[in-house]
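Okay, so chain A shows up in both of these, paired with chain B first and chain C after.
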Partner chain A sequence: MDDWELEYDRTYGAGSGPTGNPDSAGPSSFEHGHHAPDDGLDIDELMAPVGFQGGNNGVASAEETPVQQLIRLWMNERHAPDILPVQEHLLAGILDHIRRQSEAIQLLRSDPSSSEEEHFRITLVQTEVERIKFIVRSYLRTRLFKIEKYARYITSDPDIQTRISASERAYASKQAQILDQHFWVTVLQSLPESQAHLDDTPLFTPSMITKPDKSRAVFVHALQPCPPVQLPDGSTLEMDKGHISLLPFYVVEHLVLRGEVELV
Partner chain B sequence: MSLPQSLRTSVIPEELELIACQELIEIVPFVAMDKTVFISGEFGPLKPPIKSRIPLWMALNLKAKKKCRILAPDWMNVEYLQDRLNRETTQPEFSDLPFRFAEISRILLDAAPDDIDNVDKLRSLLKDLREARQSKSREGLAKLDHSELSLPNLCSMEINEIRPVFIRSMGVMTQLVRTPAQDP
Partner chain C sequence: MSVETRQYGDLSTQLVLESRRSTATDTLLKYNDSLVRSIIREQRDLERAAAPLLLQAAAAAEDDEDNAQPPPPALMILQTAILRNKRCLLAYHHHRTARLRDMYWTVGGALPHLLSDADTRSRLSPHEADYLRQYHDSVMEYRADLGTSELDIMAGIEKPVNDLNVLVKVKKECGVIETELGTIDFRKGQRFMVRRADIEHLIVQGYLEELG
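Let's turn to the complex of A and B:
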């Protein structure tokens, strides 16, 4: 049972628990686990656990926990027609936390002396890890879906490139390049030179590059009183806390980015 | 590919249930557990028979192993829901219910019917509420324009239900308005 407290004290660095006893045996095994690249993600460079833990300890307070933030981010991304800015800091913190929890589980699983009650706690911790992994995965896949869809636009637009992570940028340019090559090999090379482009801008026809449709409607839920927004019909709308509305995405985009509203 | 076709246009009810399962609920534990640190926060210690607040997913996990009794949330009883149903049927606006009431009530009625009083009555009230509210949201479609539609007190599951139709309709309205303005 002490293993749990010790393990958590060690991983959290919160020095409130019992610190005295098996300090000699513990750290070495933890160090070992720490260097095992179990998930292949470069989170060590990205992580900044200080701020992350600050948020995590505030369960009792009204402040949003990282998991709540992640869920909100996930839902916003699912509903928004455009790609929202990546939250690498939050994500790195969560991934790091998942890794530490998994390591703790491994450690305790391999300990044959663990009791029935211990086992049951391990199962709960494991269940939560799986739930959060699912959300992280779904969040990243949603972004990848949009990146695939708008790959050509992303490679040509510097503004959107600031909103995605380095690996997502690499993915987008690779995707655009493969697609171009495919079109060239299968069709374009046999067309006359004047028609063999993917970025023509003939008059009266839609652009050949797919862009996010920011006029698509979204359901917003105000998390706090919001400053007035200008609606397409010219009127203004001031949302109180808890207000739910259906309106075009571009109207509330800045409020979503500032976290004053969430998409539901 | 990266996102299955079925998930592209909207969120599915199972995902909303997953989110609802993060909400806290009161239980009476039958087993003791020390305070444990989870990613979403610290929970416990559990000391039977002292009530404790834990996330719904954890409560369901304990319940499945018969290690706790779940206490229904304070809105999930016959009087409260009957009152909301009366308001729902007599007043034009949506009555005010917890944002994720549909998910949570369904999960609880499925997983812990033995911990809840008047299960059958609750089921029928929830069904009536749902139908009354559904017909209101259908009426709301008539008020839709290209600009904005306020939907106070609409709940998560209900939003998800009307989402595809409403978003598409609004898209069509936007196009109708935009065309004359651009080419007069």
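Let's turn to the complex of A and C:
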């Protein structure tokens, strides 16, 4: 297909040579002329500076690029003590786009008619693709880490199962199973029969099943004016846009899920 | 302290102390098989000591249903010791599996590399080697499920990519490797400028060293 050629024209040909001086151009100083149609992200978006978006981004999801959404998703996941709902649609879109970008890069690199400047741009795009892959990888691995930690809890709790993908569910039950098996062969099988269970519930000791600690404090950054939340001491807090607070996770959990705040 | 004056639970305190030491020094200590066995023996002794008391308490409750007696204090102490020992045993093993998983990811999921290292291997119990193998299978299943060849979830997540290419020095012979630039025969002491994605796993496993 000539798909990649179209994409290449759209991204490189259409602009009026925004990178005048290749020496000083880096991903963050790369000027981006137009915005992509909503079929996904394109190179300009891949190259857009990352991090905090400009302050005047009121209703978040409407104007955000997939990459910005991914970065926020990743930051939230890294900071939240609980496992957040998986965004399979967004992730699939980004993975798909990474694949198409890589294919385009391969073809362009082997095209003898590409100029020096084009080659330089290809390098920039390649670097940015690698950086996006880094975020996706870190996001997925963060989830895997939590799933391993709470594997036994996940297998017993239907609610949390709705928040993870099918392959993550399979991973969770496998993890719970191999850990149980390891406990069995190392400890439990050698104990007298009455002790060989994993469901003791004595008083004054923590449960044998580790649960996410939702009372852990997180830094919350309000993306828009938020409805008041009830603090543990009974008072209420109403956050304006841009407000940053240190709060227990369970207080703001619903705001995180609705995308009204982000964790920083 | 002589064996005679040892209290119930002293051994398991030692065991948990090992876990703490392991965390504090950030190393995996050798699997303490003999201590684990001693605690398991203690568990059996405790169980034997508790059994007659249990029967006694049950009989007492049956005899005198209206006027139920609290269980004898000796039984309470034995049972507390049993539960505590068991919890310590499990905590010790759980802590070790967490460390093993960390080690696994640090070498980028290169299980043969991890298991063939004599020093590491000597610190693992055979069951732990089995655990790692099963863990590896489980991660590989997940990776296959992900169904993308573009994204390698095993690669490093310590720091984001700054450069596509990287200057490396060969620390250990690792033979001929296919890269984007053709095949390279890495020999000790040589330096190469190569595509990071091609050789990242070799850096992680210590064959190559990143320069500058």
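Everything below uses one rule, namely that the second predicted complex is superposed on the first by the 203 of 264 C-alpha atoms of A that agree within 3 Å, B and C clash if a C-alpha of one lies under 4 Å from a C-alpha of the other, contacts with A are read in each partner's own complex, and residues count from 1 in each chain.
Everything that follows uses one rule, which is that contacts are C-beta pairs under 8 Å (C-beta built on N, C-alpha and C of every residue); 3 or more make two chains touch, one makes a residue touch a chain.
What you see is a predicted model; the values in this text were computed from it and never measured.
Enquirer: Which partner does A:Thr155 contact after superposing on A: first (chain B), second (chain C), both, neither?
Expert: neither
Enquirer: So, A:Gln69: does it touch chain B (first), chain C (second), both, or neither?
Expert: Neither chain B nor chain C is touched by A:Gln69.
Enquirer: Who does A:Glu130 touch here: chain B (first), chain C (second), both, or neither?
Expert: In the superposition, A:Glu130 contacts chain C only.
Enquirer: Who does A:Ser190 touch here: chain B (first), chain C (second), both, or neither?
Expert: After superposing on A, A:Ser190 lies in contact with chain C but is clear of chain B.
Enquirer: Using the superposition on chain A described above, determine whether A:His182 touches chain B (first), chain C (second), both, or neither.
Expert: After superposing on A, A:His182 lies in contact with chain C but is clear of chain B.
Enquirer: When both complexes are superposed, which of chain B and chain C contacts more residues belonging to chain A?
Expert: Larger number of chain A residues touched: B.
Enquirer: With both complexes superposed on chain A, which partner does A:Ser167 reach: first (chain B), second (chain C), both or neither?
Expert: second
Enquirer: If you stack the two complexes on chain A, which partner ends up touching A:Asp200: first (chain B), second (chain C), both, or neither?
Expert: In the superposed model, A:Asp200 contacts chain C only, not chain B.
Enquirer: For A:Ser102, decide between first (touching chain B), second (touching chain C), both and neither.
Expert: In the superposition, A:Ser102 contacts chain C only.
Enquirer: Of all the chain A residues, which ones make contact with chain B and with chain C?
Expert: Shared contact residues on chain A (touching chain B in one complex, chain C in the other): 98, 123, 127, 131, 134-135, 138, 141, 144, 148.
Enquirer: Which chain A residues qualify as touching chain B in the complex?
Expert: Against chain B, the touching part of chain A is residues 1, 4-5, 8, 12, 56, 59, 65-68, 71, 75, 78-79, 94, 97-98, 101, 117, 120-121, 123-125, 127-129, 131-132, 134-135, 138, 141-142, 144-145, 148, 215-219, 221, 231-233, 235, 237, 242-248, 251, 264.
Enquirer: For a test of understanding, state which residues of chain C touch chain A in their complex under the given definition.
Expert: 36, 40, 43-44, 47, 80, 82-83, 86-87, 89-90, 93-94, 97, 101, 105, 125, 127-128, 130-131, 134-135, 138-139, 141-142, 145-146, 148, 150-153, 155, 157, 160-164, 196-197
Enquirer: If you look only at chain B, which of its residues touch chain A in the complex?
Expert: 1-3, 7-8, 11, 15, 18-19, 21-22, 31-34, 36-42, 57-58, 61, 65, 67, 99, 144-154, 156, 159, 163, 166-167, 170-171, 174, 177
Enquirer: Within the complex, which stretch of chain A touches chain C?
Expert: Its residues touching chain C are 95, 98-99, 102, 123, 126-127, 130-131, 133-138, 140-141, 144, 148, 166-168, 170-171, 174-175, 178-179, 181-183, 185-187, 190-192, 194-195, 198, 200, 202, 205, 208.
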